[in-house]
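The same subunit A turns up in both complexes below, where it pairs with subunit B and then with subunit C.
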Partner chain A sequence: MGSSRGTHAQTSGGSSGARILAALGLTFLCVISAAAVGWLRAPRQYRADPPVQDDLGRLRLMPNRIGGTPPESYFALGKPYEKTGYDLSQGKRLYTWFGCSTCHGDGRGKIGPSFLDGWWLYGPEMISVVASIRDGRPHGMPAYGNRMTSDQIWQLAGYVRTVGAYAPSPSATSRNDDPQTRPAENRGPAVQHFEQGPVGMNPRQGPSP
Partner chain B sequence: MSRSRNDPEDRRPSDVDLPEAEVARRLHRTWATPRTLKDALSTVDHKIIGRRYIATAFVFLILGGLLALAMRLQLAAPEARIIGPDRYNQIFTMHGTTMMFLFAVPVMEAVGVFLVPLMIGTRNIAFPKLNAFSYWIYLAGGILLWVAFAVDVGPDVGWFAYVPLAGPEFSPGKRADIWAQMITFTEVSALAVSVELVATIFKQRAPGMSLDRIPVFVWAMLVTSFLVIMAMPAIMVASTTLILDRLVGTHFYNPAEGGDALLWQHLFWFFGHPEVYIIFLPAVGMVSTMIPTFSGRPIFGYLALVMALIATGILSFGLWVHHMFTTGLPRLGESFFTASSMSIAVPAGVQIFCWIATLWAGRPQMKAPLLFICGFIFTFVMGGMTGVMVASVPLDSQVHDTYFVVAHFHYVLIGGALFPLVAAIYYWLPKATGRMMSERLGRVVFGLIFVGFHGTFFPMHILGLMGMPRRVYTYQPEMGWGGINLFVSVSALVLAAGFLLFFIDVFRSARSGPLAGPNPWNAPTLEWATSSPPESYNFLRIPVVSSANPLWDDPDGPSVASGLNIDRRELLVTSVVEALPEARESSPTDSIWPLFAALATAILLIASIFTPWAVVWGALPVTLALICWFWPKGEPEDEA
Partner chain C sequence: MTAPTRHRPAPPARLFLLAPLVLSNCSGVQSALDTAATAAGHLRLLILSFTLICGVVWLLVMVMLGWALLRRRPAATDAGTQRRLTIAVSVCVAATVVIVGGLTTLSFLATRTLGSGEGEIEVVAVGQQWWWQFLYPAGGFQTVNELHIPVGRTVRIRLESPDVIHSFWVPSLSGKVDMIPGRTNALTLKAERPGLYRGQCAEFCGLQHSHMAFTVIAEDAATYARWMVEQARPARTPDTSHPDTSEAEAGRAVFLVKPCAACHTVRGTRAVGTTGPDLTHVGSRRTIAAGLLDTTRGTLAAWTADPQTLKPGTTMPLVPLTSDELRQVSAYLESLK
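Showing the complex of A and B:
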């Protein structure tokens, strides 16, 4: 870091005390500012604190269960679930572990709706996706509220939203070590790879909501 | 060298027939780096760049050492809660990466950059602008890694970053990308220095310094440079393919699409094992160069030592698989690599017997450097013993990934490289600063470091045999490891105190140590033939060598060659084997463009972590900087 520059100034610059002092000061400044930036960044947490966990489950949904206000702790954390690489990748893992691909395939939909087309039956807000996962939806979407923790639901929702994202994100997940069926999320927004517009509903899914 | 006076080429200003003071004045005007910021940034003097390199590497040693102390703090007691698992993963990765890539390899190369031109009697390293570039790119790589760590994006996948853990699926975020790109920086700088050293050693030796009169340290740097040139491309392929897998979605390490996860380990260790010798061989060379001075007689078995260096270099490419014994290899492969791993003990043994014979036949003076060398021989032999143990598959399968392995490689790396390096600092710092370090403090430092080291790392063998895995952030009280771990942590403080005292002595000596004079140790090699610290032009006149120990065999100092231009930078190029003078070659002047080229390259490499387009747009400033760097100066080449 800056400290190394400081040291060479000491050795090449000879014994003038002012120079050494300036170099040390510069080094100190660099260390302090880097540490400050590090302090401001949210650390990666393997397990959310129980009170946060509890609060993340308090969704204030509209009566039709589409849209609403996310819990305060979601904002207090800095909306991590849509943008940090760690949470997105945890979401991707949960997508496999909880068998989402059984109905939604690799994101293009099977008997369940597609995510890649960027059309959201219950709106694109995080809270709607979270509510869909937690409480289930009519015509086949089961409720996962008693199978996953609240922060896992948020992680999974964040990942699902990046599948059909219209803008590239530097923290989007990369490919898995699996046979590939479509380009990974970080290969650019889905819109580059797939036709826009809703993919037709699978007839087995029943009438549209 | 001297030609007839009517030769038209001889009308150029040369040092023939000029008084020494006038030659010194004009050489200084030609070679010196003025003390302004711009000149400090554009200097190509190998001594200044070497000093920077060494100082920077020691800063990284301190940083890596602080991380080690943090780990020992966490492990001192079972179930400690000082550092969480995520931070701990970053800390052990940063410790290993910093020590291997930012300290050990660069510091050895750096000592070569500083010493080799002095030892072989030339005025600057070959390709001096590349030398400046390599330092800046190394610095940028170090800054990248440590700034990333400060903002909590430090790599957390271990210093060898095995896939699939380091691959796209299991290492989210930019952490592993930072690691892989930092590798690229250190690769470029190490390769650049190696090319310079090979060219310098082969073509710029003082006249008469035939291959059998080269100091052993220079031989060691030559072999090391070839190791770097042959080993680094493997890690370059590895880190590039890893980052491609992660960022672009290639499948080099994805078995489901025809890739191979084990390929990473082969590529990494094909580099990683020679890297151990890239660190160790220069240390061996330092020891072989220091021992004759303190024994008062020439080295015993020069030919055997050089052959052992070369044999170690060649063998080092044939044992990488011993890092992979637990991956499920064919039986024949395991047997072959067990045998080759054990065979490396033969050249190591030859070297150790040569050193003991030299000490035995001479009159050893127990000065601080020799103390550290004795500590090195003792410690390294112990590390070699556990090395032979882990070279056998059954034992390795038991202790793989335990603290036994941690103990082993700290014994060979600290014992085999850091002890000689500290000895070398005591020995050569007077050449760099002109002032001696304290002999009395040196003994205390040696005592603290030696006792602290063995107290820290010997119990780790036992911990490993008890089953404590490496890279765990804590352990349960029921395991019964608490007492030994506490002892290890306390010993680590002793070790750290030794290094603290060492650094205090370095700074104290550089300010107010007793003046050294040109040859304080009565050493035989050429770097002691010039003043301490050496002038910017190294030697007033290029020495002519007639034996392997020129300063001992010519008590009045070596005879000198004259005829080099004194108003422009000029070197003497000699033949590879006999070192017969072949040509006067111009040497590049200072330039700011290596710094800008390094900056542009750093921007390209760092930005490419975030978007592939950086490779396209970032190439423009790199190209621009290189065009300016190589822009012809309009000096006819053959004027020299």
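Showing the complex of A and C:
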């Protein structure tokens, strides 16, 4: 009797010890996985190699310069310019630095077209936006090909596309420090904020070029 | 008999070897203990007296603690002892309140006057990721990562930042003051002896925070005036007739057609970008890339060729240039004295 009670006490003591051990192990596992998740971050491409930069400039555009095939390196890199928060944030800085807001305002357009209304005069494809920035467009859009490097143009294009995105994206730039004058980049897609329709920027251009 | 002792160095000798490590921060271009201004001198006095007073207090407390632990406790304290103890503790607490309160009032009165007052010279310092821009409104020019001030005159520095919080810190001349976006702080500097003092960003501001340094050059009035005149001039145009400068002239053409000119200003040319540092007199500055490298033609070429390897994450992109273009651009930049 006494021995059995002793055994019982021993097993209960052993199971509580095991429970403590399991709890400790679980906590340890949680800490390790939290650290691993914290350690993970989207890789940043600070330095675009000159051959990559060259290739990023090789756009195969359709004859009307709307749409086309992006360069191979764009796919090889994994389309970072639309996906990584770093590239989008760099694009946001370039938007200010290269004076885009002079014509496009905060994204709603001023003397240039709006990005927020969800209408793209030359289509929503990345390559068309890149071509617009690099080579310029008729009726006022200047060419930035000799003022920015190829990867900067891709970064800026990626950012411009998020301003007027149709679908939400898991990565976005941070909000502005000063009060937002329009929906922030990390809000829902522009489709929720559509205005009535595109505004013709030039009588010859019309609402749908 | 002497052989074993010779093999084993005496402990004091070993400690002596450590001394340079411990004392290495007591002098130099960036040290709060090697001061060249009254304000920094006051700070040094504060650091030293703090260390001394707190050290003495700590020692006294430790001695008292030891004594309290070791002393023999009397079996019972009589009412007289209790009374004496109460009076002693009350007096000590009252003295603490009076001393701390008095010092607080005094420091309030003293620091109230610090923020005001006009300087003889006005400079605007703008901290950016990761470089320093110094605007001289009187001269109508700006310089980068190098602040020139005349000895013995008060310089009022307005501190601004367009991106994140930085902190302006020249330990030998003054304490640190934050540069906060959307707010202008001010700091008065007055160097008492000529020399080179290193400044450093003292508020973590991103990847290259540690490579965000600048040099303060305190010089006599005549040298300062000459420097002001030199800096106010537009960039010198390379002399095309001279064979040595034809390369620099070609570099100028490259600089103007490549993306360089979109971000950098060289006064007197078509390059009027304001995002990057003003390069009008880049060849006359001691360092490039905010204290990262000394200014030579080699470092200018290295920086232009691959800034992202020298300073990963910096806002200057890698602009693809051919080797000839790189040679020409570096010659041009070096010629911008």
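In this text, the second predicted complex is superposed on the first by the 152 of 209 C-alpha atoms of A that agree within 3 Å, B and C clash if a C-alpha of one lies under 4 Å from a C-alpha of the other, contacts with A are read in each partner's own complex, and residues count from 1 in each chain.
The rule is short, and it goes like this: a residue touches a chain if its C-beta (ideal position, glycine included) is under 8 Å from a C-beta of that chain, and two chains touch if they have at least 3 such contacts.
Just so you know, these numbers come straight off a predicted model, no measurement behind them.
When the two structures are aligned on the shared chain, A:68 is found in touch with neither subunit B nor subunit C. After overlaying the two complexes on the shared chain, residue contacts for A:35 are found with subunit B alone; subunit C is out of touch. Contact with subunit B, but none with subunit C, is seen for A:170 once the two complexes are overlaid on the shared chain.
Applying the stated contact rule after C-alpha superposition, one finds that A:84 touches subunit B and leaves subunit C untouched.
Contact with subunit C, but none with subunit B, is seen for A:151 once the two complexes are overlaid on the shared chain.
When the two complexes are overlaid on their common chain A, residue A:46 makes contact with subunit B and with subunit C alike. By the touch criterion stated above, A:105 is placed in contact with neither subunit B nor subunit C.
Within the superposed three-chain model, A:123 lies out of touch with both subunit B and subunit C [touch as defined at top]. Shared-chain residue A:178: touches subunit B and subunit C both. Between subunit B and subunit C, B contacts the larger number of subunit A residues. Once both structures are placed on chain A, subunit A residues 44, 46, 177-178 are touched by subunit B and, in the other complex, by subunit C. The part of subunit C that touches subunit A in the complex is made up of residues 181-182, 257-259, 261-263, 275, 306, 308-309, 312-313, 315, 317-320.
Within the complex, the subunit A residues that touch subunit C are 44, 46-48, 50, 53-54, 93, 97-98, 144, 146-149, 151-152, 177-178.
Residue ranges on subunit B touching subunit A, taken from their complex, read 35, 40, 43, 48, 51-52, 55-56, 58-60, 63, 84-87, 139, 142-143, 146-147, 150-152, 164, 167-169, 172-174, 245-249, 251, 253-257, 261, 510-511, 610-611. Against subunit B, the residues of subunit A that register as touching in their complex are 1-5, 7-15, 31, 34-35, 37-38, 41, 43-46, 84-86, 88-90, 170-171, 173-180, 183-184, 186-187.
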